[in-house]
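Given below, in the form of structure tokens, are the structures.
Below, chain A partners chain B and then partners chain C, in two separate complexes.
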Partner chain A sequence: MSNAVSALQGKSAVGFATVTEAGLQGMITLRGDLKSAKLKKAVKSAAGVDVPAARRITLKSGRGAGWMSPDELLILVPYAEARATVEALSKALADDHHLVADVSDARAMFRIKGDKADQVLAKLCPVDLKTLADGELRRTRAAQVAAALWQSDKGEFTLVSFRSVADYVFGALELSARSGSELSAS
Partner chain B sequence: MLILDCPYCGVKAEETELQAGGEAHLKRYGPGSSDEEFDGYMFMRKNPKGVHFERWRHAYGCGKWFLAARCTATLEVFGTYPAQTSAPPADLQAKIKSKRPNWEGYK
Partner chain C sequence: MSTRLPKGGRLIDRTKPLNFTFNGRRMQGYQGDTLASALLGADQMLLGRSFKYHRPRGLVASGAEEPNALVGLGTGSRFEPNQRVTTTELFEGASAASQNHWPSLEFDVGAINNTFGRFLPGGFYYKTFMFPRFAWKHVFEPVIRQSAGLGKVPQDRDADRYEYAYGFADLVVVGGGVAGLAAALQAGKEGKRVLLIEQTAHWGGRAPVDGVEIDGRPAEDWVKATVEALGKMANVTLRTRTMASGLYDHGYLLAYERIGDHTPGDGRPRHRLWRIRAGHVVTATGAIERPLSFAGNDIPGVMLAGAVRDYVVNWAVSPGDRTVVVTNNDDAYRTALALTEAGLIVAAVVDARASVTGALPDAVRAKGIRVLEGRGIAKVKGTKRVTGVSICAQAGEGAEIEEIDCDAIAMSGGWSPVVHLWSHCGGKLIWDDARAMFRPDAAKPPTGDDGMSMVTAVGSANGALTADEVLADVAKQMGGKAAKTNSVAEAALEPVWIMPQGAGPQLKMKMWLDYQNDVKVSDVQLAAREGYHSVEHTKRYTTLGMATDQGKLSNINGLAVLSDALSQAIPQTGTTTFRPPYTPISMGAIAGEARGDIFQPLRKTPMDEWHGANGAYFEPVGLWRRTYCYQRPGEGVHEAVNREILNAREKVGMLDASTLGKLIVKGPDAGRFLDMLYTGVMSTLPVGKCRYGLMCNENGFLSDDGVVVRLSEDTWLCHTTSGGADRIHGWMEDWLQCEWWDWKVYTANVTEEYAQIAVAGPNARKVLEKLGGMDVSAEGLPAMEWREGVLGGCRARVYRISFSGELSYEIAVPASEGLALWKALIAAGEEFGVMPYGTEAMHIMRAEKGFIMIGDETDGTVIPQDLNLNWAISKKKADYLGKRAQERSHMASPDRWKLVGLETLDGSVLPDGVYAVADGVNANGQRNVQGRVTSTYYSPTLKKGIAMGLVKHGPDRMGEVIDFPADGGKVFKAKIVDQVFYDKEGAKQNV
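And now, the complex of A and B:
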């Protein structure tokens, strides 16, 4: 197998918050009937979590599932396990109308860390981050490109974008996080 | 700034997260229809000053098409609803009627 590298190979920038490209992450797109018992079972065994409720993401020890739309989930697994997980899901859902695709190398993931990490995103996304619930996955735009984000820890947000715009997203996040450009002291 | 609630994912989506899709509830005339019917379907739009039904797509969010009723003069949004319907929901029509007594209906 070729030597896989993430979009920006862990590039990082420090401002009033720290922006880091998160490196390789297994990501799988799963589309199908999210209410079907078979799919629920397949997700449980592949991601180790239940199918999340609308606009929620559940993560458990490096694996998880996020709700992307009424018929789409984002399955997160360690990078090396993505291919095997895709095969397992395809096999479990073979008789149903569905789509499973390994999109690990088509996406980029960023982490924004710091007490004011929300301000970095508030400047780029039309989202009221104060109303972002715990475990909420919000698909939106970051500056001019599509993105999905969630609060992955206290003072830490994770943002996923397409790999082709990873450099643009990093640039936007880095600019937004520059020291002195905080929105407020809090 | 226009803010619409996406009926699929429930996000309060701001205009830049959405893509406009023109007038809603058009009847499509395809092969076999008369020239007048096709011309009407292709080109004729109501473009009212007042209550208007529109198609919108939650482009940067869940990616689904939905329908919205709003006033083109005041930008007041009466409501949004899923696109799998050929007519606006009755309760939405009643709500619009109570707010705009002179409204002549969606047809």
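And now, the complex of A and C:
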């Protein structure tokens, strides 16, 4: 565990927005019946939040859950707690049909910060960022690869991709954030 | 002479002169000039040569419709051919060069084609180059390719960058003239999310040039105020230099923004391609003026009337001192007035209409300008420049009435609405006889996903001609109240397709329809005589409208001439198809950000950087980058591969196997599900053990293979091939979601969660033991089993599986710890002689062991039985995917080619993919074949070539020698042998 390093180890680039690889993040895939009381309880206990509505993500002090599909959630916890959380979820759901998998190391996470952070993403993702709701988790693509994104703060977006393409995603974000290529003044 | 006027020019800033060169000559223009206005202002009328006859050509238009004035722009890494000077904004240091001539623009050898023009009629190529057949490829085509083509191909890598952007709007208004501005204003007031785009750098379109007044003030003021008002609306976005290139299904609009064309090298992207989801599109794209077809209408100095006043009013450039205006409508009289206003001479207005009255002609007459009624131009005098015109009766055959000296001609044949976007997605047109134009048919618009209209055409794009009509049309369709303008009544135009109407062949051979492709009235008439009745066929036969301008000036004139030749009405002939892009867009914009390092996603394993730093010679595997071998200084690829193999066989090797697909399958029905997917039985696999499995598609063909691991009572981990992970995951989900939706099974693709390292060789156990933390002894971890623990400080799952035939462990750790484990293994293995090996060593070692490889031994036509893999196919199971297919007669035939080993008699390496020949020939006279090579390598272990192949009745023919003819007449003789070349009893891996 002490050997663990993220894909780009915090690499960062500054343009009209700042792009940073966000380091290690605990992520767990949970598949099951999202309506079951037992699952709701397990999620609350593991992630500290309720099961999110369709296409929503709920985050509270570094933990949370995102809706990925009608039977899949993405549980977010600190990296060091991922294994224990997997075990806790597995135990809680042992009697029900479900699947829990640690995917913390399968992903790379990026933060895009700045007043015009949305303009960086608007060049790579076919998403209407102006109408992206608060707490909306959007599964989409970033240029040629799969991605998921949400607005994680005012003037900040978080984007998740697969780990193997971290270099590619960072390259595309860095290029799109270069000064002088703003889409508009605001 | 064309020249810069001493004052005026609403778009230029005389305090900011800009230097540029044309064919190496230094010239000067001003900020706000287009390259066209700057060239014209510097008296450069001759700008290029035509495509076929190499005729001297100058500017005809002032905008996107310009067919002639294309140049090579820039130098080196910023050179681009075919740049339209009318849409190129001038910038300091611009360097332009004319095209399609040799040796020079002024003296062009190719112009001899002009002299022999009558031997190059429409369809010339089709008629001439048919026979003899061989000559096309060897004689005609090379010569034509040498002489054809406008512009040179760039030689350097493009220095600029490009990007995409995704846009969304309720309403996209295309065109920033008064119609577009008024439409956007109305929609903006209604609170709609509006995007207004304009292809030029300026708002307002033609209205300021045409002297329009709106609400009692000059159009320019109204435009400025409206743009300001729009700029203050948070729901409205304005974007200049952005051309709507194409409209596609469901309101998907492509727009091309030229960000940095006028500021090259400033670090901004050059172009941006917008991919816009538009709720609705308003086309306010205006109209394009039509040329008149008279003899010599392509001689430099003959321009569109609207363009002439654009140059005078916008850029204070006079195309000539003495201009003759020739027209069939009232609008062209505005040009006469603009010229007079600028102090230039209008020698006469030649009007094809028999009687001309109305406000505009009266205003012209009041200036003392002669208006010749019922007259036409018989021919233009001059070659590289207009020197005069010969006037005739429009009703006659071209007999000269008088000659008028002039150095410019402003022509107008009426206006054609720009209906391109309307038509791209199926909007229909109607022929408006009174206005002699095709305009959008509001009853048949392009429809969106809801079956409703997705485009509204407004203003001139909808056929409106005067400012009053334009604003009234916008108000009618968009809502709101139309502003008042100073429009005066204009008399109807009279359609004129040939001037004079009775012109003979001599004149018609010099009447240009398509300037860029050199198509004349006579060519279209010839096509009609030769039986080309469809406008689409005529277009292709004559090349009318097929040049880079896509017939913006020539289409309507051409089809009118065709209709006349066929004695049918114009709507009966119809138009050719309007296709995107509206004007050419750059290849860079189409590529967007995808170039250089991010041309394509490159998947990298957690240990990729280490590989790169240690001599990795990479190869692509799917989108993955994998190490083929690790080269040492001075070592060739093959030596490296051989070294890696011998080291793994004698000591110990390490392979980065992280790319292997890893799919978790879990649930009460998971065992049943896997028994359907695999040919073997996976449900009986005990927890803690591994089993090799094969997957087939419904047609029985082998699709993927890999080791399946039982993780717990209801959980399996399926390894797939590196290239197959996503495909097999999709395959699983397909069956679960569409066919067996009631089975309780969940899957997850955890391929990237784990770094996986194979440690293989006699010393493998010693290395792992030195690392410590887990019992990896023969008893503690027997073959085809797995254990979890902490190995060398990393959270590991260790599988005892071997693809090399050696004692082998595959260690999976979280990807984040992959590099740490790799380095730890390298360090721990040092004393045991560890070396990393790449994919080629892996391939050769598996071939030495006779293991199949998906994609080598399989090609989508091979079933497991062909590969003697019957041991991996359950006979007990009622069903599995592919089972029924494999029972069909052809699949069960004993005559199918089957897998065997092959060994050349002389130890050489068989070429890959070669076929074994059999006696006799087939129905096509080809040699019969009886087998082919699927894998072939030099085995450093055995010091000879080894191969596997599929051979008819192969397993029954051990020891037989068959022939493999290869390139160059060489025949390889190979003996059929067992496919396992190395350690058949498996003693090496079971220690």
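FYI, the second predicted complex is superposed on the first by the 184 of 186 C-alpha atoms of A that agree within 3 Å, B and C clash if a C-alpha of one lies under 4 Å from a C-alpha of the other, contacts with A are read in each partner's own complex, and residues count from 1 in each chain.
Basically, a contact is a pair of C-beta atoms (placed from the backbone, for glycine too) under 8 Å apart; a residue touches a chain by one contact, two chains touch by 3 or more.
Quantities reported herein were computed from a predicted structural model and do not represent experimental measurements.
Asker: Once the structures are superposed on A, label A:31 by its partner contacts, choosing first (chain B), second (chain C), both or neither.
Answerer: second
Asker: For A:126, decide between first (touching chain B), second (touching chain C), both and neither.
Answerer: Touch partners of A:126: chain B and chain C.
Asker: Is A:6 touching the first partner chain B, the second partner chain C, both, or neither of them?
Answerer: second
Asker: Could you look at A:86 and tell me whether it touches chain B, chain C, both or neither (first, second, both, neither)?
Answerer: Touch status of A:86: no partner.
Asker: Can A:165 be said to touch chain B (first), chain C (second), both, or neither?
Answerer: The answer is second: A:165 touches chain C but not chain B.
Asker: Figure out whether A:98 sits in contact with chain B (first) or chain C (second), or with both, or with neither.
Answerer: After superposition on chain A, A:98 lies in contact with chain C alone.
Asker: More chain A residues touched by chain B or by chain C?
Answerer: Counting contacted residues of chain A, the larger count belongs to C.
Asker: In the overlaid three-chain picture, which partner chain does A:176 touch, first (chain B) or second (chain C), both, or neither?
Answerer: Touch partner of A:176: chain C, not chain B.
Asker: Using the touch definition from the top, say if A:143 reaches chain B (first), chain C (second), both or neither.
Answerer: A:143 sits against chain C, while chain B stays out of touch.
Asker: Do chain B and chain C land on any of the same chain A residues, and which?
Answerer: Overlap of chain B and chain C footprints on chain A: residues 126, 128.
Asker: Along chain C, where are the residues that touch chain A in the complex?
Answerer: So the residues of chain C in touch with chain A come to 161, 163-168, 237, 259, 266-269, 275, 277, 592-594, 597-598, 600-606, 624, 664, 666-668, 744, 746-748, 750-754, 793-795, 814-817, 819-821.
Asker: In the complex formed with chain C, which residues of chain A make contact?
Answerer: Within the complex, chain A contacts chain C at residues 1-7, 24, 29, 31-32, 71, 83, 97-99, 101-107, 122-128, 130-131, 143-145, 162-168, 171-172, 175-176, 178-181, 183-184.
Asker: What does chain B use to touch chain A in their complex?
Answerer: Per the touch definition, chain B meets chain A at residues 8-14, 16-17, 60-64.
Asker: Where on chain A is chain B touching in the complex?
Answerer: 54-55, 68-70, 72, 126, 128, 138-141, 146
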